[in-house]
Amino acid sequence: MEPQMDTAALGAFLVAEFPQVAEDFGIEALTPDGIEVRLKVAHRHLRPGGTVSGPAMFALADVAVYLALLAQIGPVALAVTTNSSMDFLRKPAAGADLIGRARMLKVGRSLAVGDVLIFAEGGADPVARATLTYSIPPRR
Amino acid sequence: MEPQMDTAALGAFLVAEFPQVAEDFGIEALTPDGIEVRLKVAHRHLRPGGTVSGPAMFALADVAVYLALLAQIGPVALAVTTNSSMDFLRKPAAGADLIGRARMLKVGRSLAVGDVLIFAEGGADPVARATLTYSIPPRR
Amino acid sequence: MEPQMDTAALGAFLVAEFPQVAEDFGIEALTPDGIEVRLKVAHRHLRPGGTVSGPAMFALADVAVYLALLAQIGPVALAVTTNSSMDFLRKPAAGADLIGRARMLKVGRSLAVGDVLIFAEGGADPVARATLTYSIPPRR
Amino acid sequence: MEPQMDTAALGAFLVAEFPQVAEDFGIEALTPDGIEVRLKVAHRHLRPGGTVSGPAMFALADVAVYLALLAQIGPVALAVTTNSSMDFLRKPAAGADLIGRARMLKVGRSLAVGDVLIFAEGGADPVARATLTYSIPPRR
């Protein structure tokens, strides 16, 4: 499927629609079947011991799959997260950004499903995985 | 099972161990099989339109079940979230705090599982549900 | 919400629509917010050691929440399972039927979500829990 | 990681340990990071309309990830499923076997996590995905 938005358009959408969190994330690249998104890890994302918090990883997973979806369907749809499952696999190394690699598994008329693997930058093994479902409102 | 910590002890634990997020949450009550935790909804938790963000609801779910677990096993254990599943059921009303009602379904030797229903304060229908699993390190 | 089907109508629906598995299940009771369904545990549901297999417990969870949904919306809709999460909490005692207690958390226009606790008959602690999502086709 | 069991050893294990379901499955191939397992779709796996039932797809997911795990750790461990999440993406074509492609994401000391994509044989798009967690008992 031909992407409907490029990284610049996706980045501009993030700033316009999610101004409170846009600075946390960077769009690394569109891939043949998805997207790579960076969480710029800052003090507010950490737990004592230097681990990135669960909610911060959840936020990265949600943003990455959401952008992978918008890349395919364009910015018109107001998709809403309806379901998520997430596994926390390893403690991420302190001091490294996190990279989420998301892909869409289904983009249907009313439901879309994608999953994401999260890596500490430079790490070979995933620190987390997640699957997210979005409800897509009827097109006008 | 007799609780090992009361609301004051749980609140003090939250402030000591999670100083970055402790002010977001309030412990409402210990219940016979769990706990009620409040998310004091502030501007930083919102998405455009006034909805509470998914990551903020995830954070409430995680804190509520974690505190329900600590209430049973005490503050000694360093439990780590290993898995979560979450369903977003309804858009929470703007301007209301969220209340998470968590209970433990299993507290085993090495794994604990609990679930939580999240309500907008004063609302009758849940806005989200989640189940979380924690890995409990071996007792010394 | 007033139930649209009683236990007799739900049982007849099960036999008519799912003849291959209907004999595995019994509808125990409609409850104020859901339903109780029995898995009549037979040799084919067991794993070596006498434990009920995961797929058999999954089947009970799916049937129980599906019937809880039909009790509310009636037999017209052809709902399809789109998502499930399930936690296996304890090894069920050998020789006991399993009882699933299901309730609906949301019955929306196009999506319905319910959860279920599964007990070995006579047991106090749940052996499994699950949440299932169904996609409801547009009403004609 | 070097596989500890080849397809013949895994097949023999399946027959010895799961005699009631072994004939449902065939081990297609070990892959660099996992395994391919076939569900030989028979009448008992179908729902009216010819669709493969949810519990049959769950069984394939569970067996595929379980065998991917055993391929890495060998047949000694008695691993138990503790958690699953599953998304049903498309209605599988009638008359086709299902192929599950499983890989391990983590094989830890006490927990292992793997995921699986399920395809109708010859189909390009996945009909389902699942993630499963296993608890690995302490080695003697």
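As written, the chains take the letters A, B, C and D, and residue 1 is the first residue of each chain.
Going forward, contacts are C-beta pairs under 8 Å (C-beta built on N, C-alpha and C of every residue); 3 or more make two chains touch, one makes a residue touch a chain.
Here the structure is a predicted model, which means the values were calculated and not measured.
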{"item": "Touching chain A and also chain B, the following chains", "value": "C, D"}
{"item": "Most widely separated chain from chain C, with each centre as the mean of CA atoms", "value": "A"}
{"item": "Interface with more contacting C-beta pairs, comparing C-D to B-C", "value": "C-D"}
{"item": "Averaged-CA centre spacing for the pair chain D and chain B, given as whole angstrom", "value": "33"}
{"item": "Between chain D and chain C, distance of the C-alpha-averaged centres to the nearest whole Å", "value": "23"}
{"item": "Gap in Å, rounded to a whole number, between the CA centres of chain C and chain B", "value": "27"}
{"item": "Per-residue overlap in chain D, given as positions that touch at least 2 other chains", "value": "82-83, 85, 87, 133"}
{"item": "Contacting residues of chain D [partner chain A, same complex]", "value": "85, 87, 89-90, 105-106, 113, 115, 117, 125-126, 129, 131, 133"}
{"item": "Chain C - residues contacting chain D, complex", "value": "17-18, 20-21, 43-44, 46-48, 53-56, 58-59, 62, 80-88, 91"}
{"item": "Contact set on chain C toward chain A in their complex", "value": "82-83, 85, 110-111, 133, 135"}
